[in-house]
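The structures considered in this document are given below.
The two complexes that follow have chain A in common; it is paired with chain B in the first and with chain C in the second.
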Partner chain A sequence: MVMGEKIRNWLDVRIGLNELIRTQLAEYRVPKNINVFNALGTIAFVGYLIQAISGMFLMIYYIPHSDHAFKSVQDIMTIAPYGWLFRQMHVIGSNLLIAAVILHMVTIFLMGNYKRPRELTWISGALMLLLTFTFGLSGYLLPWTQLSYWATTIVTSIPTAFPVVGEYISRLFRGGDYVSGITLTRFFALHVSILPPLFLILMAVHVALIRRIGLSATPFGKSDEEKRPLTEFRKKTHPDGYPYYPYLVQKQALMVIVYFMVMFAFITFAPTFFFPEATTVPADPFRTPETIRPEWYFLAPYQMLKLIPNKFLGISMLIVVAFLFVFWPFLDTQKEKNIFRRPVLRWVFISLMIGWVILMWWGKR
Partner chain B sequence: MRRRGFLKALLTFFGTVSLASFAYPLVRFFAPPSSSAVNEKVVLAKQEIPIGGSKVIVFNDKPAIVINVPGKGLIALSKVCTHLGCLVEYDKDKNRLVCPCHAGTYDLQGNVISGPPPKSLPKIPLRVDGEQIIIG
Partner chain C sequence: MGLYFTHDRVGNPYVVGKAMMLRTTLIACLLLFSQLPASAGDYREEFEKGFLTKTWSGEQPESNYCIECHSSDRMKPAFLEIAEQWKASWHAQNGIACHNCHGGDPKDPSMSMSPHRGFVGTPKYAEVPEFCGKCHIGILKNYLDSGHGKALRTSGSGPNCATCHGSHNIQKANIEIISEQRCSKCHPYERAKTMKQALFLTEKKIDELETGLRRLKREGVYVDDNARNLFNIQAEFRTLFHSVDVNLVNDSTSHFAGRLAVAEKRIQNTFSELRFRRNFAAFILMIFACMGATLYLIIKTPKD
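So, the complex of A and B:
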């Protein structure tokens, strides 16, 4: 104990440890009525951390070349000791991470927490969601299986519906007229060296804004949201709130445990859940397999593209939807945060959810 | 004050120009050089494809199919679906080319019959010379 005390003192002199603990943990207060859903952002962050670490492990054995990629991934699964564990954590983690980020976004939406002054927090979050999808997309090609190859062929053909620039964009991604080893190198660069720093920057903005502005109180029941002029900034100190540590930290710890439980439940009881048959066959540019389907989170937009007969119209609609999503806080300018007092918004939300589920289910067949 | 304004403008100008001068190299760097394979002819022996038969070839680096259509003779078509780039398969019994991805179907002349493909499969010029089929 004396040793611990000494270390603490040593650090306090150099980095002001005691002050950091006081201001960041104890005096940083969160509203009394927050709930476990306020820990979902942290889950997204922890999820990313797991991806980063397991990804580093995979890179020890992975070979980013079209002649070796498939074999090297098989070797990770069968030869490298515990390679299967880290690959499973990475693959299942990527799916869970996306589910967590989507859930985080949905709860933020339902609680109206994107409203003034948190528009930029929403925008940085929305960009991170798009970035997360790009992580998934680029990672999908790396094992160089039949599924990776043909799913990527389909996705990189999508921009060609655009006149003039479409061909250029498609060739930009593919590095040629069709998916090849050059595409693999590009996607690898994207996945491990271009996207991560972009994510870190957005994450820093996201968290800095949250810390500066303070967490929102849940708009249901007792709410301490104050009325103040639109132009004025006052940090939400929540004087009547609870200290961040241990009140919210407890909830975060609980959610992290749940996240790991779900992950290891998959690894133990459904290890092939995210590996359909076409993932066991190496990529063959001369044969398209029978069923080629994108990952579940792309099924809805994919089905939408299939349903709209005009390719250009379909893709333009997707882009419009993405724009509406990113800039949503500027479109919904009503002050009322409680969705139970917003009948129209509630119906918009419910129909969006139903539409999404139907499209997803339809796309899966 | 005027000198300061002038220096500011100068700095802005040269700063912008030096940054902007990277734009063109970047656009060129990321876009790959266009494909090098130009119309290399593929030669097949005539008896390789009996009536109703077909053969998959690689033409200009891309898969194509040569079909001996009963009653209509030989035709060479690209196998790359015009929808989103999957490879069509020859269904001999139904006399159709079928795409496994979104069920686009084409007749044996490459015309779209049903499904999402926006245009017909490109035809590749083909010529019979004695016992040889010359494609390209």
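So, the complex of A and C:
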């Protein structure tokens, strides 16, 4: 008996490995019309994994102190063996990950998969997206560059538009009136020890819900879940579908490979795309750069706040939008899943997307 | 579940529902949070006093009353330009502010021009070299020993620093400062031309290395250490020039060439490292591309 088989048998008699593989991979059936967009969730999962692993390597050399943070990051880029690779993967990965998660949410929205009985799956996903933004915000300050310092100054000043508690929230993030060394340690704690466990809990809930409820059968059009009254739990199964392994696993693996290809294409052909010149200038609170702008995924709300003269109204609108986004499944009560048969929703969605792109472009100028 | 039993005033039992409990909890939370900013205020102040004043906690942006006053409508038009000129200067780009040269306290408007805070105002023409030489020490020494310095000392009309470099609008020095237009105002250009030729190759190399460092910076490489090293070499070399002694410049050129060669090697090594990184990433990209193509073919292969 070869070593591999011995190990497999050893595990099988103890944890029932063969049965686990059979029920969770081979006998677990997925709908026949499942498409590549269903792999976006897996891409996001792998993306988070890359962030966690590369982040662990970066933490070996990073010093969360305003006197040493910048230098330690430069040492990672120049002295630490392959430190540049881990940092590039972490920084480019964070941007790609946010793009992948946004795309995942958009496709779920377009396919109407947030509808009952998957409201909780949507909410956990939406909360994960908000946490991902917070990961991005907190991680952005850590290299302590001019860009990160002033971008954080902008973003942490946004809550001040909110009366009574706004100033308090801003000071809570900053640890004072200005972004300082205290902000750096707070953001570091947030980035590496507060957000990850919260995120892992949400991810566990999200994945458990997907497996428990079952995959939605039809991306477009009515599925039988809407046809029956929702009076009892019934797991959605696809007895006539394809086996999860190898059918969907192969597609997911292919999409993950494409994700890695995009990441390494950036590292090869555009290594400075996410590292503009200002990222090599240490933070200087005395010198305000000529152009300050937050990261691309905060540009639209940032520009919106700039355009609305009443700051309270602006931030209230942002909060309302965030609530609408998280609790959308409870607000959209129509049973029709196919967005192509819902002209009003379709045009609202298109207008929102166009508005978002225009605001981003405007904010970048 | 979720029902709590209690008694009314006359002792009859009744049920407090979930809603009541929830309401009480919410009110308690609201009271707690409304008190939080007030109670946290003292703590925050103490915390900030303890940490914000220490170096590690970062610096506080400060106001500069020199610039504020010199940019205000109250200022005479002639003095109004000073702030704008300074903002566009090489000094401003390198964080050298008004008080670094003129003294005074830029943080305190009442003491900003006080001699007690070291304010010295505008130096007289003959005092300009000492005024600039507070920082440019090596240059001052060579200048004072030079024909330029001696002329200023003896006749009071020789060129001072501002004659060639300007004052508030001072720009980064370069070899083009030595020009027929400028030098021939006082003496024939021939001698200055010989000096310019002696400086030329070393200055050209310094320019090349600066261009290389700028390229590296655009590539996302931190170059401050190399830039500082190059700046030191350049500053020492230019110190020599202020002696206006061509022989001294010629004799020292080989020494500076050696130091510049070391700096050049370091910059070239960084470029090689960047090439390696690009090739390494391209190799990984190719591996993933091959894996992707293979998997795609497997997926597309008809199953039995």
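Keep in mind that, in the parts below, the second predicted complex is superposed on the first by the 356 of 365 C-alpha atoms of A that agree within 3 Å, B and C clash if a C-alpha of one lies under 4 Å from a C-alpha of the other, contacts with A are read in each partner's own complex, and residues count from 1 in each chain.
The rule is short, and it goes like this: a residue touches a chain if its C-beta (ideal position, glycine included) is under 8 Å from a C-beta of that chain, and two chains touch if they have at least 3 such contacts.
As the structure is a prediction and not an experimental result, all values here were calculated from the model.
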Quiz item: Should the superposition on chain A be reported as showing a clash between chain B and chain C, or a fit?
Solution: clash
Practice problem: Check the residue A:275 against both partner chains and state whether it touches chain B (first), chain C (second), both, or neither. | Solution: second
Practice problem: Check the residue A:311 against both partner chains and state whether it touches chain B (first), chain C (second), both, or neither. | Solution: first
Exercise. Identify the partner contact of A:150: answer first if only chain B is touched, second if only chain C is, both if each is, neither if none is.
Key: first
Exercise. For A:178, select first, second, both or neither according to whether it touches chain B, chain C, the two together, or no partner.
Key: both
Quiz item: On chain A, which partner touches more residues: chain B or chain C?
Solution: C
Quiz item: Which partner does A:158 reach: the first (chain B), the second (chain C), both, or neither?
Solution: first
Quiz item: Looking at the overlay, does A:286 come into contact with chain B only (first), chain C only (second), both, or neither?
Solution: both
Exercise. Name the contact category of A:168: first (chain B only), second (chain C only), both, or neither.
Key: both
Quiz item: Who does A:67 touch here: chain B (first), chain C (second), both, or neither?
Solution: second
Exercise. Pick out the shared contact residues on chain A: the ones touching chain B in one complex and chain C in the other.
Key: 168, 171, 175-176, 178, 182, 285-288
Exercise. Write out the stretch or stretches of chain C touching chain A in their complex.
Key: 36-37, 40, 44, 47-48, 51-52, 55-62, 95, 217-223, 277-278, 280-282, 284-285, 288-289, 291-292, 295-296, 298-299
Practice problem: Would you pull the chain B residues touching chain A in the complex into a rising list? | Solution: 30-32, 35, 56, 58, 61-63, 80, 83-87, 89, 99-102, 116, 118
Quiz prompt | Contacting residues of chain A [partner chain B, same complex] | solution = 150, 153-154, 156-158, 168, 171-172, 174-178, 182, 285-292, 306, 309, 311
Exercise. Would you pull the chain A residues touching chain C in the complex into a rising list?
Key: 65-67, 74, 77-78, 84-85, 88, 165, 168, 171, 175-176, 178-184, 250-251, 253-254, 257-258, 260-261, 264-265, 267-268, 271-272, 275-277, 279-280, 283, 285-288
